[in-house]
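Should a chain be cited, it is by its letter among A, B and C, assigned in written order, with residues numbered from 1 in that chain.
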Amino acid sequence: MSRLVRIGDILLVLLAILACWQLVYLAAGDVAMAAPAPTLAYAFELLASPRFWPHIGETMQAFALALVFSVLLGLGFGLWMGSHRLSSEVGEPILVALYSLPKITLYPVILMIFGLGMSAKVAFGAIHGFIPIAIFAMNALLNIRPVLLKAGKTMNLSPQQIVTTIMLPATLPEITSGIRIGFSLTLLGVVIGEMFASKRGLGYVIVHAIEFADTQTMLAVTVILFTFAALSNALLLRLDNTLHRRP
Amino acid sequence: MTVSAAAPEPHVCLSGIRQVYPATQGRAPLHALGPINLDLRQGEFFSVVGPSGCGKSTLLEIVAGLQPPTEGTATFEGRPVVGSVPEGIGVVFQEDASFPWLTVWDNAAFGVRRAGLAEAEVKRRVGHALSFMGLNDFTSAYPSQLSGGMRQRVCIARTLVMQPRLILLDEPFGALDAQTRLIMGDELLRIWRETGATVLLITHALDEAIMLSDRVGAMSFRPGRFLEVLETGWDRDRDSKIVSDPSFGAMTGRLWSHLRSESIDAINTLGQKAS
Amino acid sequence: MSTAAWLRLALMAGLFLLLEIFCRIGAIDSRVMIPPSEMVVSLVSLLQTRQLAVDMLQTFGAIAIALLFAVAAGFAAGLVIHALPRLRRALDPFLATYYAVPLFIFYPVLIAFFGISVLPIIIMGFAFAVVSVIMSTLNGLDHVPRVLRKVARVHRLSPFSTVTRLIIPSVAPHLFTGVKLAVAYCFIGVIASEFIASSTGIGHAIAYAYSDFNNRTMYGLILLIVTVVITINMTLHHYEGKISRRMARRPAK
């Protein structure tokens, strides 16, 4: 099946989504919705206007910081737990339970510990993102095929060499998958955090727009976030697939 | 003055080897292997045949130094094998041990690169091994793009590049179909002749063992012991066509007479899976 | 109970004790957190109030409805998409990026459309969960061994029988994983939506208690959610283990 047809099909689905959007707008009117075309145009306008850039900057800054913490905490916990069977058995159900917990219920606690502002946003993003990274890192270590380690021993590798030349590349694909998921969840955490605890940033802009019934801004910013999340995920997915040697 | 021709030192010496797994909850101590007493001659091809679960793989790992025996000693070139894998031993495992993140070339070069060999020498050895194993067209492919048989060849090439003096193979062709196995057997003989290494092959296939080896050891079910060690008497210059030799059938019959009841024991004991 | 389970229990108990001590001696400010024992007391007294009963009915009811629809629609959609490979390839990028997007940003849109009621909340729960069911269904159907379908034809089974007697049991473990995820996502979707904007429900009650500086109520409710989530998780985890052990294709060593 040719690539062109595939891309064509994907564009068709995209068009279908936009058509549904237009239909919803026709049904709901200007009070509740905005039409796709003007919204997209406004989105470009926003991206070009210097007034908007501080908000993007704020969100990106919080996101970058939160991501660093997510990765460090996630890898730290995950690799530590994964190095022994017992610790992984003890820890995995706890991590899975934390994953299913609506972390927004912990939000008030975070706000009380960190106060309003950047650190609360970063903390909220980090608690969302580190869990899948930890789970995937842990499983990556547990699932190394023993025969690969045996092969390393038969080639007289030192323990450090076994870690760097066999364990590291063997766990990399799985860890990357975890980081990809953690990436998206960290963004989610940061944006939600901004909706409550901030006077700047994209989350704040959305909430502000809701309060002033500015559906166009609300939808435009939503589209911008959506596109950023989708594009970065697609890039990470490509990296993921390459590492897993999937076509 | 008499000059007595000293008998050559055995390449590998196994004496009093036993492997006993200690008792766990709900299970008595498991006497898996032994006692095993065996000397491997320099440059010989020795196969171990036996039913599943008789301890053949354990024996191989003990010789390689991957597992310590509960009792007894194993020596390689006069020195005891203890704790780590001695230099000069190469192992080909039953499962695919190729590194999925490296190309065929890098896989083969892995061992010698880590040992610090000069790159020119690495190139020479790897090129020779890959060409010997018929992998010249696949040097930049990844294992995931290759069939099971090809991946096993990559693992064998990786072992050859290290220029081992003792090659241990644990059912290397288990995952392959019977005809491919016969062809791989021919290749193994080629490798054996070219390298002059001593080869210890573990297999459950009687025909493979008899066809390839100078000597075949028939191993009993637990605890694994040698019921008989057969001398095949083949020429060094043999290949798979030897299956048509008249003595082939007689030897197969001889081995089977030992192994048939052992195999039945194995099926009955191992048929019950752990809950 | 296994060693791991005992250790886990000990870990949780230890954490509980640590928090209790730190709160009592004032190392943790009482305005930030109340001692865990008081959280338990608060929860117990809350459980006797009518208000909480109403909130729980709202929240768990919404979760149940969202879950039902998500599983039914997700499974059906998964079957359809799997049968149409071209459609599947076209939808692939969208399915893959679905969970990358902060779905909560659509909640305000839903409220603008439906007003503040239980409907947008159920829709959010549904929206969160349905795609994981679709992906698990697709994954499960991918893993039905081809040989099973051939056996069906050898036995001359009707299409309906093939689906009910061979395909559904074969897909069951994957579907179970999908349902487990769907439960988690429904919880997150419903409670988070209630927290953001709602007039009833446990999520709303937590937000209200927070804004009212009512730490006792707030922590009691948080404890309720944590306990419920953990219990459901452990139950599902236990049954998931049983199902996948029975369906294991590799022989036990």
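Rule of thumb we're sticking to: a residue touches a chain if its C-beta (ideal position, glycine included) is under 8 Å from a C-beta of that chain, and two chains touch if they have at least 3 such contacts.
In this text, all values refer to a predicted model and were calculated from it rather than measured experimentally.
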{"item": "Maximum centroid distance from chain A, chain identifier (CA atoms)", "value": "B"}
{"item": "Selected interface, A-C versus A-B, where C-beta contact pairs are more numerous", "value": "A-C"}
{"item": "Intercentroid distance (Cα basis), chain C paired with chain B, Å", "value": "51"}
{"item": "Chain centre separation in whole Å, for chain B relative to chain A (CA means)", "value": "49"}
{"item": "Between chain C and chain A, distance of the C-alpha-averaged centres to the nearest whole Å", "value": "19"}
{"item": "Overlap residues in chain C, where contacts from two or more other chains coincide", "value": "none"}
{"item": "Junction residues of chain A - those touching two or more other chains", "value": "none"}
{"item": "For the chain C and chain A complex, residues of the former touching the latter", "value": "2-4, 7-8, 11, 31-33, 86, 89-91, 93-94, 96-97, 99-102, 104-106, 108-109, 112-113, 183-184, 187-188, 191-192, 195-196, 203, 206-207, 210, 218, 221-222, 225-226, 229-230, 232-234, 237"}
{"item": "Chain A - residues contacting chain C, complex", "value": "1, 6, 9-10, 12-13, 24, 28, 31-33, 86, 89-90, 93-94, 96-97, 99-109, 111-113, 181, 183-184, 187-188, 191-192, 195, 206, 210, 215, 218-219, 222, 225-226, 229-230, 232-234, 237"}
{"item": "Contact footprint of chain B on chain A as seen in their complex", "value": "145, 147-148, 150-151, 153-157, 161, 165-166, 169-170, 172, 243, 245"}
{"item": "Chain B - residues contacting chain A, complex", "value": "64, 66, 84-85, 87, 89-91, 93, 95-97, 99-102, 110-111, 114-115, 142, 144, 155, 162"}
